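To keep things simple, chains are lettered A, B, C and D as they appear, and every chain counts its residues starting from 1.
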Amino acid sequence: MAEPGATSAVDTWTSDEMMTVAAARELTNGTVCFVGIGLPSTAANLARTTSAPDVVLIYESGCIGSKPDHLPPSIGDGVLARTADAVVAVPEIFAYWLQSGRVDVGFLGAAQVDRRGNINTTVVGDYHSPTVRLPGAGGAPEIATSCGRVIITLRHNPRALVEKLDFVTSVGHGDDPDARRRLGLPGAGPQTIITDLGVLRYDRVVNEFVLTSVHPGVEVANVVQATGWRLLVAETVAQTVAPTGDELSALRRFAGS
Amino acid sequence: MARFTTLSAAVAELIRDGDVVALEGFTHLIPFAAGHEIIRQGRRDLTLVRMTPDIIYDQLIGMGCARKMIFSWAGNPGAGSLHRFRDAVEHAVPHLLEIEEHSHAGMAARYQAGASGLPFGILRGYAGTDLATITPTIGWITCPFTGENLAAVPALRPDVGVICAQQADRDGNVMLWGITGVQKEAVLSSKHSIVLVEEIVDSFSPRTNGVVLPAWVVDAIAVVPSGPYPSYAQDYSERASSFYTYWEPISRDRGAFLEWMDQHVLATTNHAGFLESLDRELVVETHG
Amino acid sequence: MARFTTLSAAVAELIRDGDVVALEGFTHLIPFAAGHEIIRQGRRDLTLVRMTPDIIYDQLIGMGCARKMIFSWAGNPGAGSLHRFRDAVEHAVPHLLEIEEHSHAGMAARYQAGASGLPFGILRGYAGTDLATITPTIGWITCPFTGENLAAVPALRPDVGVICAQQADRDGNVMLWGITGVQKEAVLSSKHSIVLVEEIVDSFSPRTNGVVLPAWVVDAIAVVPSGPYPSYAQDYSERASSFYTYWEPISRDRGAFLEWMDQHVLATTNHAGFLESLDRELVVETHG
Amino acid sequence: MAEPGATSAVDTWTSDEMMTVAAARELTNGTVCFVGIGLPSTAANLARTTSAPDVVLIYESGCIGSKPDHLPPSIGDGVLARTADAVVAVPEIFAYWLQSGRVDVGFLGAAQVDRRGNINTTVVGDYHSPTVRLPGAGGAPEIATSCGRVIITLRHNPRALVEKLDFVTSVGHGDDPDARRRLGLPGAGPQTIITDLGVLRYDRVVNEFVLTSVHPGVEVANVVQATGWRLLVAETVAQTVAPTGDELSALRRFAGS
């Protein structure tokens, strides 16, 4: 985790801002990062404009090394192409850049995630008669397959962090610690889940995500209650360093411009 | 060999009821004007193919043009759901929509296979997912050299591929640049193709990620300025992000949706008419 | 992450005896200077990979650097045979050369598979040919959807890929344009890469078929003006076709060949020295 | 075959010029043609600058629609890229443009060809101990596989038109009229062999190439004698129309400039 810097924290920030800042801190300089729409793009660009100026952002629209000066509302805005080191076709971005194993970190959102980091972005309810039809897979299954590691971000509630997924769109650690090897998934899979309440890290021994950090103002009990499975809690739970003034001003400048 | 024509004539001639049609575009250069024209001409039973179906596919579905959709991510990027798509899948409104869903990597491999004249493409993906269970067009293949098991997906070969490009030259060659998505593959995998361009130029300039499609792989070219609106054409316009949020409440309500489609699509005769029918502030900031 | 260095340092650091090395280039942008440097440093037992091995591979073979060659077309384009290659294959001079041969389409599919992180690629080819009999790296695979039988070829993953490009920027990004062959794939499929550039620029301009390789997929960049000579760098030089015909009688005679290599490669310390050692009329018309 | 035009023939031309002109006449306007080095490139460009201005030339170096103003000595000269409608990567030219079945006519040379249009460009003698090591396959096997039809050009002598190939580099019609279908080769295969002595056309019924035309000054007996197999001769053998003045001047201007 990057040092948050010496600037003192400020008092007012939203839990979404805390989540974004915590995600940005996961990226160190030089990391090659496959960036999805929304929070991942915000977090990666926050890292790029603060602690990790040489982070490389790859967008599935084919933009490699984009350096946008404002937050693009989609993953295919003109600013991403204009500021990229290279722009390539979409088949190439998935074959030559993602599948090849060149990406260190993939960011994924989720409608549902389970204790092993498996992800559902397809349906709530039965597939053939869904309660809520979600957008579907997009780039996620192969991001989960091929990135060096995956960071999952989502808002924490029992309908999102669930005991059992309605549909497995993207594989985290399957059902057991050996599942990825058995399925031929080369990346290490999800290692971190960052929510608006805290940070969960994958523990290979118990083969599930364990609460390791709570955000300022959040109690461990809150997080346990907001989780749909019996959440394991680390022996020592840290308190996430609050967003610094530098982080917040960079985030707000970037998102607002 | 490319012929210059109107969009309306191109749709009338090349797209038939029951066709498999790919209107491709990856955020950039989405052929909205072509989707509207398909709606105006009342096509039915289409199989709609696209990696990222967005508002224009939602409109085609809501207006009852589609029998099936083949896709990998269906949403209103940055704004929310495709409510007409959801209504079709969740409640069979206006009628049942068959779906065949893949991941982006799988769809890209399918287009590549189609453009390459191969029956299938391969990728490392789908293993362990429920997609592999519910989508019959996901298969498996073993590497004859290493024994690794990989996913196989059948080639896409749409009847008609429709894309937007920035320019055509007078010989009918087409050029697009910036984010070019799978548009080259959509044209090269399709039996016929329609290209909407911003303008006709005497000659092309080199561009970042410039893609030129020679005239002889294109069937029809129509000059439709701002044809991608509310999407955009790099160096001609900006993405009208406000339209995507404006659309969210309209699409949520089927009545409001139908009224809007009546007023802005069915009651207009072409894309210029459509653009004129919109509130000026929705258009002018991004599309001049 | 790309480091700027000299060609001699890059070869010394990255290319080792016994390595699988691809010096790629398709008529245009052939890394002649890198081949000469490998000869100067006396590398041995290399497996040389290239679709179109030409004079520079002939020189590497004649000088005893190669144990094996993986290729699809070995000739002196427009001028004749590769006599040192033929001497190795026909008479084991200077020693036996193992060969593994494919078609262009097969080699391209192998590089694509390597760049894509796949163990193999597929193509419609080789059926009924004797290539399929004598080349063990040609296999077969059945389409799980149509039952069609297709050829399969294993991925290429060289230890080092070496290419020429026109430009690097100060951050170490590399740009090449014009005929770019399989150079992107050669770099992306290799474990390490060396890029020779004509010059370093502040920023790139859009170019026809412009390919940019970001700094983080390149290991070493060396500025070597006219590095492709007698091949060329579009917008910097023209192909020195006269060299290819000049070379024919030299390469035909092993004695003349060795003398020429002594004088022009071994006795010079770098590419500038090599160019100076040549008769002026061979160089000046095409490479200024 | 294109009409040679009204201009009267001139007296002096070489047999290679006759061969090139005859090959050029095979290309009609709008034909998409995959062009190899040497005679094919000369013939295709001759057609383009005379009878078939809209012929589309594709070079395996990735140049599509090149319109060179002089004969390039290689298939990758700068003039081919500078005058192309599009330039693409080599993997793309083979996958999206050739294998896809978009090319009407492929031109192939040969060191050896047999009566069924099978081609050897690999070795003379035994593969593992060759008398002459030839350049190898290049693009030929897949040109022979995927083009609508193939035209073969080579100089006529018994060591080139042989009873049995030393090596099958590229498949013409295999051993029997059904071979292409059985092997899954979608194109119609070689239909014409043009030599410096005459023109042979593939006859599906007898499953071999038949002499249909001799060049001016060549006797049928000369051609039969210069062929390494028992050459079948058509009932009526035409005489090839001699190169016209227009054709010759275009050829010489193009090749010489």
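Note that in this section contacts are C-beta pairs under 8 Å (C-beta built on N, C-alpha and C of every residue); 3 or more make two chains touch, one makes a residue touch a chain.
Being a predicted model, the structure only gives us computed values, none of them experimental.
Trainee: On a C-alpha centroid basis, what's the spacing between chain A and chain D, in Å?
Mentor: Using C-alpha averages as centres, the distance is 57 Å.
Trainee: Could you state the distance in Å from the CA-based centre of chain A to that of chain B?
Mentor: 28
Trainee: Starting from the mean Cα coordinates of chain A and chain C, work out the distance between those two points in Å.
Mentor: 41
Trainee: Where in chain C do residues touch at least two different other chains?
Mentor: In chain C, the residues touching two or more other chains are 112, 117-118, 123-124, 148, 150, 184-185, 208-209, 211.
Trainee: What residues in chain D touch two or more of the other chains?
Mentor: 86, 95, 99, 146, 186
Trainee: Please categorise the chain-chain contact pattern as a line, ring, star, complete graph or other.
Mentor: other
Trainee: Please give all chain pairs that are in touch with each other.
Mentor: A-B, A-C, B-C, B-D, C-D
Trainee: Would you tell me which residues of chain D are touching chain B in their complex?
Mentor: 30, 32, 56, 64-65, 85-86, 95-96, 99-102, 146, 186
Trainee: Which of the residues in chain D end up touching chain C in this complex?
Mentor: 37-38, 60-63, 73-78, 80-82, 86-91, 94-95, 98-99, 122, 127, 130-133, 135-142, 145-146, 167-171, 174, 179, 183-186
Trainee: Would you tell me which residues of chain B are touching chain C in their complex?
Mentor: Checking each residue of chain B against chain C gives 117-120, 122-124, 137, 139-141, 143-146, 148, 150, 152, 154, 177, 205-210.
Trainee: Please give the residue numbers of chain B that touch chain D in the complex, ascending.
Mentor: Its residues touching chain D are 1, 112, 115-118, 173, 184-185, 188, 211-217.
Trainee: In the complex, go through chain C and note every residue touching chain D.
Mentor: Where chain C meets chain D, its residues are 26-28, 51-52, 71-75, 77-78, 81-82, 85-86, 89-90, 101-105, 108-109, 111-112, 123-131, 134, 148-150, 178-182, 184-185, 208-209, 211, 232, 234, 238-239, 241, 244.
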